[in-house]
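Take this structure first; my questions come after.
Note that the chains take the letters A, B, C and D in the order they are written out, and that residue 1 is the start of every chain.
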Amino acid sequence: MPRLRQRLSTPRRTESFSDAVFAISATLLVLDLGVPRDHYLTRILADWPGFVAYLAAFLTIASIWLHHHTLFSRIRRIDAGIVVANLGLLLGVALLPWPTALVAASLRDGDRSDQIVGVAAYGIVSLIVAASWAVLSGRLSRRPDLLQSPADELWMRTNFHTVLWTTLPVLAAVPLAVAAPVGSLGLFLAVPIVFFIISTRPTEYETDGA
Amino acid sequence: MPRLRQRLSTPRRTESFSDAVFAISATLLVLDLGVPRDHYLTRILADWPGFVAYLAAFLTIASIWLHHHTLFSRIRRIDAGIVVANLGLLLGVALLPWPTALVAASLRDGDRSDQIVGVAAYGIVSLIVAASWAVLSGRLSRRPDLLQSPADELWMRTNFHTVLWTTLPVLAAVPLAVAAPVGSLGLFLAVPIVFFIISTRPTEYETDGA
Amino acid sequence: MPRLRQRLSTPRRTESFSDAVFAISATLLVLDLGVPRDHYLTRILADWPGFVAYLAAFLTIASIWLHHHTLFSRIRRIDAGIVVANLGLLLGVALLPWPTALVAASLRDGDRSDQIVGVAAYGIVSLIVAASWAVLSGRLSRRPDLLQSPADELWMRTNFHTVLWTTLPVLAAVPLAVAAPVGSLGLFLAVPIVFFIISTRPTEYETDGA
Amino acid sequence: MPRLRQRLSTPRRTESFSDAVFAISATLLVLDLGVPRDHYLTRILADWPGFVAYLAAFLTIASIWLHHHTLFSRIRRIDAGIVVANLGLLLGVALLPWPTALVAASLRDGDRSDQIVGVAAYGIVSLIVAASWAVLSGRLSRRPDLLQSPADELWMRTNFHTVLWTTLPVLAAVPLAVAAPVGSLGLFLAVPIVFFIISTRPTEYETDGA
């Protein structure tokens, strides 16, 4: 696709549009934390799964932003495939407040089957995010011509494997929901935390950097 | 209008303001996906038109962003007419969550006449978007002095015709709503997908690019 | 204040923060357009003041953005006074969805005294906006050292007078609300449209521009 | 962490992502100002604590933005620690609309224990903000290699002490809530105003600047 390689040459507007979607989705999550009618302390404490779901969703979006930042700092040019995979990622991120509300409401008011549906919905949206990351990372690892420097090629391949491995706990969280919905929620909280640690860890082949 | 040609010389702030409106509108759509009170699975599955309407609206905004991106990468300077047509486009995009909610609610709870009203409202907002695109593209196709290079003049004329053709299915969707509201919804989903394919397709006169 | 003159030297982040507030406030307005429970056509048509209020608020924010854009393109450096006046402007813009909802709801369901309160609230928020504009424009018209070129000094003085004149219809709209609430709403719709025309009109002393 | 020092070298995307979160959170606050069903004037006047809470939260976010702006204008490079502390700050800012709604609702409808819970929640979120500021400022005051110029090192140390002192009234506001909830609210309003004055005050060692 020579035209898009030529025209969508710099990722500037894709970065700023993505940042806006990440920021809005992370901030809209707060609307899921409702104001109780009375007995504030009792009701807020009873609503602890809502706060865990909020934190899991916020950290998920924050870790995606951080990783997106690192990834795009290695990209020189983008083509149509990258833009479309990135829009898939944004669809997942923009949807995230919905399953977050669902999980929180089901753990507060719903029965067991509602909780399973809530966690499964969270899992499906997480899989949209994970699949888009995999397509984005996979394409970049095979297209050194889109990257800033030859050293980024190795980084992109390592990154592609990291992304694929991250999909596993998300896949595991969905069947776990049938046995233990709160356990699934814990897994959804753990994934971005581990992702954070991986994203900010120095990697050997770059410690010689300027 | 020499002053605005001179003063609003670079489209930078128009781009970033538009990106913010696109991102917010696409992300606010999630508020239309409600949380059921009980029987999550049954109610969520019964609410499938709400998810189709969400997807149609999200893809519409994503395709507008993509096309806006491609269009503005060919613009060197903007004048007052471009800014006003762009604000019309932003009005349509900012309104979009309202008919999306209307369509989803009417297909879930409303009678046939409500469904027709919902789809017609979606169509009217889509026409605000399409008419603004037509004015924007038409003006740019007649003003080569605002473009980056002479090659962009041919692109702008082709683009103007593409935009005019895209208006047709939107116009067709409104009367179709009287016969088959769900069919109209399918058409609203199809338009951005076709627009995506057109926007990312390489065009002959540019394959010789760098 | 030498420190802020030195440190807050470029208005870049003030521009992008303002653009984000303008874009979010303009897009949040859509949440005021509710989804009726039944009889969509009757209820939507009966809700016409809500759509006029929406349009007035959207055009107000769009005209503020346009004017802000033109104003800031003439600014080279900003100081603390400019930043604080600009934050006052953002407070007014961020508040605007609230009186818009109030006006729309009062014209649909409220009695005459509620309508007067709704329009008065809209007027008070408009005055926060107008007063911040006046402070911002007045300060810039007395500080040529903050402007891009000497020619901008005359523009800033003319602009200061335009802004002061714009305050008059807003002040008139509040007492008018007691006699005719819908008339006030018409005035709130007229102000941004006139402001648009003024903002995009070429001015004599600049027609010799490049 | 050489990799992140190298890769996250410029704070550009961190600035724009933070600005977006600040802008959205400050604008979402308006959703806490509800539309009364009838007797607009009586109900709006009775809801005065909601407006004080709105103003306190808006000014808090505005003062954070202003201080963030000043701080980041002195930063040349960022590392992982800065990014993570900044994400903690954004978590606090994104949460702020929730305790604001809680304080407003409890002062309108709740009993004394609800008011204490509301103000305590506001205090806890304020402490997340204050602690993140302290970590961010502390790290920067010990890392001159991340700053623009050697003069910024003294500024960062002074700033670190200012931030630590600002934590005191926030800590005092929480126990004060038990005795006088409205007094706490006044303190939450005073903190950003004082912070504003400090942020825009010229400091001696810089008055010789260009």
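Annotations
Just so it is clear, contacts are C-beta pairs under 8 Å (C-beta built on N, C-alpha and C of every residue); 3 or more make two chains touch, one makes a residue touch a chain.
Model, not experiment: these values are computed from the prediction.
In this assembly, the chain whose C-alpha centre lies farthest from subunit C is A. For the copy pair subunit A and subunit D, the superposing rotation over Cα atoms measures out at 90 degrees to the nearest 5. Although subunit C and subunit D share one sequence, what matters here is the overlap of their interface residues, and that overlap falls short of half of the numbers used. Centre-to-centre, using mean CA coordinates, subunit B is 26 Å away from subunit C. The distance from the centre of subunit A to the centre of subunit C, each centre being the mean of the chain's C-alpha atoms, comes to 37 Å. Shown for subunit C are the residues that touch two or more other chains, namely 16, 20, 24, 28, 31.
Looking at the complex, you find that subunit B touches subunit A at residues 15-16, 19-20, 22-24, 26-31, 33, 35, 37-41, 44, 58, 62, 65-66, 69-70, 73-74, 196, 200-203, 206-210.
Residue ranges of subunit B in contact with subunit C, taken from their complex: 1-8, 13-14, 16-17, 20-21, 24-25, 28, 31, 80, 83-84, 87, 90-91, 94-95, 97-98, 101-102, 105-106, 109-111, 113-114, 117-118, 121.
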